[in-house]
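Structures are listed in the sections that come next.
Both complexes below contain chain A, partnered by chain B and then by chain C.
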Partner chain A sequence: MRVEYINPFVEAAFNILTEVLKTEVKRGELYLKSSSMPVLGITAIVGLAGDVEGRVLFDMAENTALEVASAMNGEKIEKNDELTKATITELANMITAQAVTKLHEIGFQFDLTPPAIFTGNNMEVTDVAIEALIVPIQTTFGKIEINVAIREKK
Partner chain B sequence: MSSVENELENIVQEQEQQEEKKTRIDFKMVTFSLAGRDYGIDIMKVKEISKASNFTIVPNTPPYVEGVHNLRGEIISIINLRKMFHLTFDEKRKEEAVDILILRLEDNIIGMIVDSVDNVVGIDSSTIQPRHPLFADINMKYINGVVEVNKKLYVILDVERVFGMEEESLESKAIVSEAAPPAGTMKKQETVTGAELEFDFIKETLATFKKFYISDLNEDWAHKRLSEWRKIRKTQKKGVQLESIEDAESFLEEFYSTYSNMLWGEEYKKQVEALLKDTKKSALNVWCPNCGKGYDAYAIAAILRLRFPKQRVKVWASDHELLNISAAPNLVLPVQSVPQYFIEAQFVQKTESGYQFVKSIKDIILFEYHDILHGTPLPELDIILARDVLSFYNPALQEKLLEQFHEKITDKGILIIGTHEKLKKAGFIEMKSGNLIAYRNEKD
Partner chain C sequence: MKTKMDFPNINQRKPEGLREDGKPFRVLIVDDSMFVTKQIGQILTSEGFEIAGTASNGEEGLEKYKELYPKVDLVTMDITMPVMDGVTSLEKIVEFDKNANIIMISALGKQDLVKKSLLLGAKNYIVKPLDRKKVLERVMMTLK
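Let's turn to the complex of A and B:
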């Protein structure tokens, strides 16, 4: 993945999460992955188009998602309902949008697709012929993994 | 003998002959042509033959994937065989219908664009001759054999290998071949001398401490270095063996190429320039795998820009060390380290902290955070610049990467490896330019 793209995503994730969760957020070591990897439980996906083609996944365990949703809505949410899903979708949207804005400032044109959300157990994600950059983020609510796979359009 | 009897005998003979003929045909193949040559594919693998156009383009696919096609409700991937084998091709208009061979492989169905599908030919499988490098424009490993039918030579493709290749993981191969050597080393031990043992030990420790692997590629250097090393260590009153990472590092100090981790000096620039032939191509593509902070990428970009001012030059530079590669796009150079040709061509500008590259040169290079073991989807390349790259992969991976290089570089394209690395591999022809040794890719 083009190096210029990395920082905007890492920064946006860090900024937004710190802001909305109002809790300690730590960034883990970034790495590349090309084989299949397990999905933690609840995953939001946002597609990217424009100068590039690709997608961003926001992946977390169900209880992390519930805690995140509780923190963002200011009320205790106990089960994975429409509100939880809408909140996680919104979080994905906020982070990706901020990253795209930062990218725009340094001269790259990206478009977003509307986010979608997956839930389920024992899921896997595989990218064929493209590597994914993994940005692990540790919060007091649990781990959130941001998985970015984008590449230049030919 | 009556005429009836005669006739009967004839019929019997004919039947016998036919039967004989029938038993001789035990392999049927669908034949097609590609870039002026005839190829065959086992008919059992072919689902059907069709003509189609207007494929749906899919993002995130290698360049040879044309897209997907809806075959009566079934979605199949369409692969352009010419592109896959790096043969020349005309970019056809989307609407134009092309000949497609639809293959049924073990686990999926794939459509393959060929120049034209010819017919079905039955042969006796015992007449298939082993593959021979002269017969095809494509990589040997995809070929099952060659057969002559009606004075025409057909190259029989092993489609399972062609389309199964990508999934073969590099790691699993590496493990296998790493596990394999013991038999060989056992044999060697019968005649092992003290010096050989010492060399083997150095080999082991370099791999452990620095992930540096001694192989055919750098053995000559390693032997030379070891004899120097013995003298150095003697004066230091230390043992020959490498006991720490620091020892391994100082052993390797001499390995790195000239102008490693800095912009190339005038003399190296001239040597590289001498390798470049005039070309009518409109675009030149270069790849610098594991480019570190990107010095080599900047140097080759500058040289190509000066040499080919009218052509489009594109350099892909990648590294799997995030720290190095993130520094690359905004590299700042100390004033005295910038060679004159960069300053004269105004490829750098002075800032408070030192020289920085100007946009026109930066725009040529695309820096990527990328692990080359994950496979690299790039167009056909004119130059690969992999100085001191291969030695840091184990021999099985070296082999695999070289195969990848061989496939990706165009015919007569150039591969430059480290000053102390030497290729002993078919398909690469040595070219000398001063002290610089480079390799010309020869496609079989």
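Let's turn to the complex of A and C:
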């Protein structure tokens, strides 16, 4: 997978998380994963289809999601309810929108699906035909992994 | 015996959400995200605005506007929504009330739809992520 696909997502995640969480955000080392890998607990998924196709996951542990939702709502949220899911969905929307704007500017045209949220333990994601690049983003609320699997359409 | 004196608070300012006569401006929030609806609601009510209604898609937004009219001063309208999108809803509200004050709420990258909305009669727009300063600035700009 070309790295130019993932950089806009990393930059957008960094910008949006810094702005909405008002906390220090650090980018970890990018790594490649081609087989199945576990997901952390609460995951927003956005699909892409057009000149490029694939999906982006925003993956975090439940505790991190609750802390992120609390920070974004300005109130303590203690359980993974509808508001938590709506908040994480909105976070995924904002990051994806900023990343996609950059990709459109450099000439890639594609559409997005609305984010869907997956919740649960012992889940894993498998991309048979596309390799995935993962960028861990460290926040004071815990780790958020941006997992991007995109390929050019043949 | 009176032990405490109440001094008038000379630093107190009138909240932005109140008219000259002290009554609140009434706002309709149209957004499919519970998070965004709550966020806009919190920012506006903290400044004295009244949330006259909320709707989770453009069609419901249009119906609510007609129901509330003329007791509605401002609409915040998301662009991407199921059933009826924000641009179509804006168009229909403006058809019904050409003086409607509608602010489009946009994700980044929807410049074309924002431009179209402004041509169709939207008074202003805000690009997400939303924050207190951005929302109040655009709302007051629209109401003045």
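Assume the second predicted complex is superposed on the first by the 154 of 154 C-alpha atoms of A that agree within 3 Å, B and C clash if a C-alpha of one lies under 4 Å from a C-alpha of the other, contacts with A are read in each partner's own complex, and residues count from 1 in each chain.
The rule is short, and it goes like this: a residue touches a chain if its C-beta (ideal position, glycine included) is under 8 Å from a C-beta of that chain, and two chains touch if they have at least 3 such contacts.
On a predicted model such as this, the values are computed, not experimentally measured, just so you know.
Q: Just from the overlay, do chain B and chain C fit on chain A, or is there a clash?
A: With chain A as the common anchor, chain B and chain C both fit in the superposed model.
Q: Answer with first, second, both or neither: which of chain B and chain C does A:Thr87 touch in the superposed model?
A: It touches chain C, and chain B stays clear.
Q: Kindly classify A:Ala97 by the partners it touches after superposition: chain B alone (first), chain C alone (second), both, or neither?
A: Once the two structures are laid over each other on A, A:Ala97 reaches chain C alone.
Q: Of the two partner chains, chain B (first) and chain C (second), which one does A:Met123 touch, if any: first, second, both, or neither?
A: After superposition on chain A, A:Met123 lies in contact with neither partner.
Q: According to the stated criteria, A:Leu30 is in contact with first (chain B), second (chain C), both, or neither; which is it?
A: A:Leu30: touches chain B, not chain C.
Q: Which partner does A:Ala61 reach: the first (chain B), the second (chain C), both, or neither?
A: Neither chain B nor chain C is touched by A:Ala61.
Q: After superposition on the shared chain, which partner residues are touched by A:Val3: those of chain B (first), chain C (second), both, or neither?
A: First partner only.
Q: On the A-aligned overlay, A:Val20 touches which partner chain: chain B = first, chain C = second, or both, or neither?
A: So A:Val20 only meets chain C here.
Q: I'd like to know which partner A:Met72 touches here: chain B for first, chain C for second, both or neither.
A: second
Q: For the superposed arrangement, tell me the lowest C-alpha distance between chain B and chain C in Å.
A: The answer is 25 Å, the least C-alpha separation in the overlay.
Q: Spell out the residues on chain A that touch chain B in their complex, using ranges where they run on.
A: 1-4, 6-7, 30, 32, 34-35, 53-54, 127-131, 133, 149, 151-154
Q: Enumerate the contact residues on chain C facing chain A in the complex.
A: 33-36, 38-39, 42, 80, 107-110, 128-129, 131
Q: Note which residues of chain B are touching chain A in the complex, please.
A: Checking each residue of chain B against chain A gives 59-63, 166, 169, 320, 322, 325-326, 328-329, 366-371, 374-375, 377, 379.
Q: Give the list of chain A residues in touch with chain C in this complex.
A: 16, 19-20, 72-74, 82-83, 86-87, 89-90, 93-94, 97-98, 100-101, 104, 114
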